[in-house]
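One structure follows; several queries about it will come next.
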Amino acid sequence: MKKLLVSLICVFLICGFVFAGGSGEQKTTTGEVKYKEAVVCADGSQITTGDPQSINNIQHNRLFKCSHNTLVSYNSAEAKYEPELATSWEWNADLTELTLKLRNDVTFQNGEKFTANDVKYSYERIMSLNSTASSKFVGVLDHTEVIDDYTVKLVLVKPNVDWLDTLALPLASIVNQKAIEADPLKGPWVGTGMWTITALEEGDYVHMVKNDNYWGEKTPTRELTLRYMGEASARLIALQNGEVDVCISPANTEKGYVEEDPNLKLIEIPSSTCCYFAFNTSKGPGSDENLRLALAHCINYEDVILGASSGEGTRAISNWGPATYGYYDGFGDYKYDLDLAKQYLEKSAYKTITISVKDNARLRAAQIIQANAKEIGLTVVIEELEAAALTAKSAFKTAEHESMIYTMGWNSYGDDASRAYGKNSNTNKATLSNDRVMELLELGRQCTDDAKRKEYYKEIQVLNHEHAWYIPLYYTELSIAINKGVSGIIWEGHQAHDYSNIVVTV
Amino acid sequence: MARQKLVSRQYMKRSRSGEVWHRLKKNKGAMAGLVIIALLALVAIFADVLVDYDTQVIGMTLKDRLQAPSKQHIMGTDDLGRDIFARLLYGSRFSLSVGVVAVAIAVVVGVILGAFAGYYTGGIVEDIIMRFTDIFAAVPNMLMAIVIVAALGANTLNLMISVGVTSIPQFVRTTRAAVLTVTGQEYIESARAIGESETKIIFKHILPNCLSPIIVRVTLRVSSAIISASSLSFLGLGVPAPAPEWGSMLSTGRAYLRGYSYMTLFPGLAIMITVLAFNMVGDGLRDALDPKLKK
Amino acid sequence: MHRYVIKRILLLIPVIIGVSFMIYFIMDLAPGDIITQLVGEDATEEQIKALEHEYGYDRSVFYRYGKYMLGLLHGDLGTSYITKKPVWDMYISRLPKTFWLAVGASVVAIGLSIPLGIVSAVKSGSLVDNSCMVLALLGLSMPNFWLGLLLIIEFSLNLGWFPSGGFRGFSSVILPAITIGTGHMAVMTRTTRSSMIDVIRQDYLRTARAKGVSENKVITKHAFRNAFIPILTIIGGQLCAGIGGAVITETVFSWPGVGRLIIDYVHQRDVPVVTGAIIMTTIITGVIHLAVDLLYAVVDPRIKGKYSRKGVKRVKKVRKEAA
């Protein structure tokens, strides 16, 4: 029996070895420089789908920037829109119709030719999907008109200055009708991008190979894998071992190892992610302005940055993204002043508030705020929730939280503020439905006069500072550890980096 | 006559527990475990006297963060500048109570159900109880605990409930098996003969004689409950901050594992020693109670 | 014999129904529903309504459960809300990875515990016995995520012997297998020890010794063979636990196994994935338990009789008498 068992186990293990296989290193040569053929990027968030129109978040957007194309793209370094699948575009006078000329030399990865009909199909599909992505289109785009094979007209419900920005988001990627009709699951993977998705194991990896029929410039890299590695320490070790070439967000505490390692490089970019304290202003303690201001003046912001992100962050004055259109901080910060805070607290009927949080950095920030508040006699209760429970609890309609610490990654366009301030937005964690703010947002959405538009957005931020609906805490610092030979990535403050041109020299 | 038998049975029991204690005393590992558990219990009970919760356990001095062990902080300080030693002492309260309360829940429910299943064997009562036990046992413990905590929300009480619920099937099965062996014995028949009520028979005559396997299981289960609680902390479903539960200390310290290993070392050791102690006592008890292993 | 097998398999059905009912309801009623996960930040009322209708969230949970079970009856484990993939596909793509891990862990556990247990039993009561038992307990008393990370730092970073995570060939199984396997050691060593002690004292070993069989052979051949049944039970139990997925170890080692499938989708409230995966786990666990019971018959022919019709009747009779 024992022998049988042992031999069985041996057979299993040998099978496993053969089954899983080993991977050999291969290189391509271009002139003098040698490039790695297969590049691997590791991240701590999971990719669950290859359908660009079904989801809108950082890790998926990185994938879709490789596999799909949008009509226009946004160059954040020069702050301007650039042609991608569209060559030029034109607005009508009242900003309700956008006419775009399209490239005529593009084919999909399945060989289909790209035409205006694909644009119409893609945008109609977005609107019908009821996904996280579709809300960007529903209520904004009225319909799409095909003028000819390479001209398309987008008719909007009402004027929207930031519409081009929506078109540049990966969720507005162009997909292929034939592919989707043939295979509803894998069909949406087919795009016009430089990389063809060949395998997607959710919670493990996405594997892509270079699309040889790509219409733009091509890189020497042949294969690109986006791998999920949840534990930050293990992810960095994988980079140090040479198992991966890019490690997104190494633990703040371990950045030193990257700097020490001669084979690695640490990329640090200013982030547009703001961590802020949000009160539920619709009811309970958060609706009391005195309590809000008391808290705003008793928080030791330096300690929060030190404790929550090991000092790797910069104090935020406004809760807007620093690179977001209309950013203003002329009112200055909330001074750390315990006497002032005590005075505010005396005027308040509430002496206790609950903070709902989920993960580590926010949890640490909450603990420091809890200790700070204690000094003025304000009791802070920390409630640790799972992501799904917290999202549901703090959604605009439910709004059962008293307060929470939230981090919002800001995009560059002004109307992104609707996420934080707009009625019905689930990111409106303050549950604000202030009439003046709503009016200002609407004015900003339709205004083409730069100075006036900035004035509207300034007023929103001034109002927030006065009423302390949101207390800005800090901007997180973005860091990425890479193999020294890596180049060609376009780094973005909103973290949806563009990997498509990645090369690794060896 | 029946009464006489009962009396003699009780007498026998006393002498038997004395004998067990005698055998347990000879087991050095078990005795060491017992001493450690006693010490831990003392620390947990007097945690308030030893350290001040507000200033030492949750009060933080950010400028002192991540200090290596020194005279001032013999185990160093954590990422928020709190003294690890003080938190460890106070944390015994949370960690032990999570383990003990979780198992207490499981024992109360499991033993009662198990006793009924064993006593009314062959009937519908047994079928219902055992099918329910099968259902609960079919789901892996950790997954069951995760699902329950996710549903109820992560706090200390729910953590205890979830770990407790996952331990119930073991206690049902252990108790049932033990009850089955006792039920057929003569003195139970005689108790029935003198017309004692069935509940009284179960709780007064049967259960006291089934205690030994249950006690062994309790000691072993407390230790695995402590481990489960720390695992749930790792998944962000544990005792909420800033409470210094060992599992959550260990799990927050993992980001500092490479540079500041003392942040994980001490809570890790605390868990290890506690689990080891409970296991050694459990093993010792099992040996002492098992007449087959008698020399 | 096969009557017994069929009966055992039929007995699985009520368990599956119970498990599915329990998990489906807990997951469905947990705070944070799937609709909030799926809709965008500023979804309109109509969008939410449409989604609620699509997933049956405008009806009661009984309706949704009924619909799910109807599908299950036709062999359909459901479709993920998040990935829109069939749960069966998602589960099957994870199963082999979890299987290798479970096997690896068992190999580690067997390899370490059986020698420890035998030594412990032979030298029962001595210092060697005590230290063996403490050694066996160490793995159990170290929380898995801590041990796992320490192993990664030592063997992956410092020594560079094994990859730091993921499922990439044989070498990637070793570290997670050690992490889980050492946790299994305590129980297995304990069982080996006590069943060996049982056997060592029995008469036929004395006979064997008296016949001049060498002590080593007595222990390894005669004693161990007879002590094997309880150990087999433990191995079976641990394989079952392994098939359910080792959530913690899988998380530390970025191991794309069943455990992580379940916990990831618990967090996202994807009810069909969680329910479906747990149902599959229940079925596979049940089958392994059955297989272990049948293996008993192979190892110990005396047990075979119990599975025959007569045997079952006899057991029932004994039970009745006991009642």
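Remarks
Per-chain numbering from 1; labels A, B and C assigned in written order.
Convention: contacts are C-beta pairs under 8 Å (C-beta built on N, C-alpha and C of every residue); 3 or more make two chains touch, one makes a residue touch a chain.
Predicted model only: the values in this text are computed from it and were never measured.
Averaging the CA coordinates per chain and comparing them to the mean over all protein CA atoms picks out C as nearest.
Seen from the Cα centre of chain C, the chain whose own Cα centre is farthest off is A.
Inter-chain spacing, taken between the CA centroids of chain A and chain B, is 44 Å. Centroids built from CA atoms put chain C at 22 Å from chain B. Put simply, the C-alpha centre of chain A and that of chain C have 38 angstrom between them. Those residues of chain B in touch with two or more other chains are numbered 150, 153, 254, 257-258. Within chain A, the positions touching two or more other chains are listed as 231, 233, 386, 388-389.
Shown for chain C are the residues that touch two or more other chains, namely 30-31, 149, 153, 251, 267.
Within the complex formed with chain C, the chain B residues making contact are 28-29, 120-123, 131-132, 134-136, 138-143, 146-148, 150-151, 153, 180, 183-184, 223, 227, 230-231, 234-235, 247, 250-251, 254, 257-258, 264, 268, 271-276, 279-280, 283, 290, 292-293, 295. Those residues of chain A whose C-beta lies close enough to touch chain C in the complex are 1-2, 9, 12-13, 16-17, 19-23, 46, 48-49, 51, 54, 56, 130-136, 138-139, 184-185, 201-205, 227-231, 233-235, 237-238, 240-241, 243, 386-393, 395, 418-419, 422, 424-427. On the side of chain C, the complex with chain B involves touching residues 14-15, 18-19, 22-23, 26-27, 29-31, 125, 130, 133-134, 137-138, 140-146, 149-150, 153, 186, 190, 194, 197-198, 241, 244-248, 251, 259, 262-263, 266-267, 274, 278, 281-282, 285-286, 319-323. Across the interface of their complex, chain B is touched by residues 231-233, 251-254, 256-257, 300, 302-303, 306-307, 310, 358-360, 363-364, 366-368, 370-371, 374, 382-386, 388-389 of chain A. Chain C makes touch with chain A in their complex at residues 30-33, 36-44, 47, 50-51, 54, 82-85, 90, 93, 96, 100, 103-104, 107, 149, 152-153, 156-157, 160, 163-170, 172-173, 224-225, 228, 251-254, 256, 260-261, 264, 267-269, 298-299.
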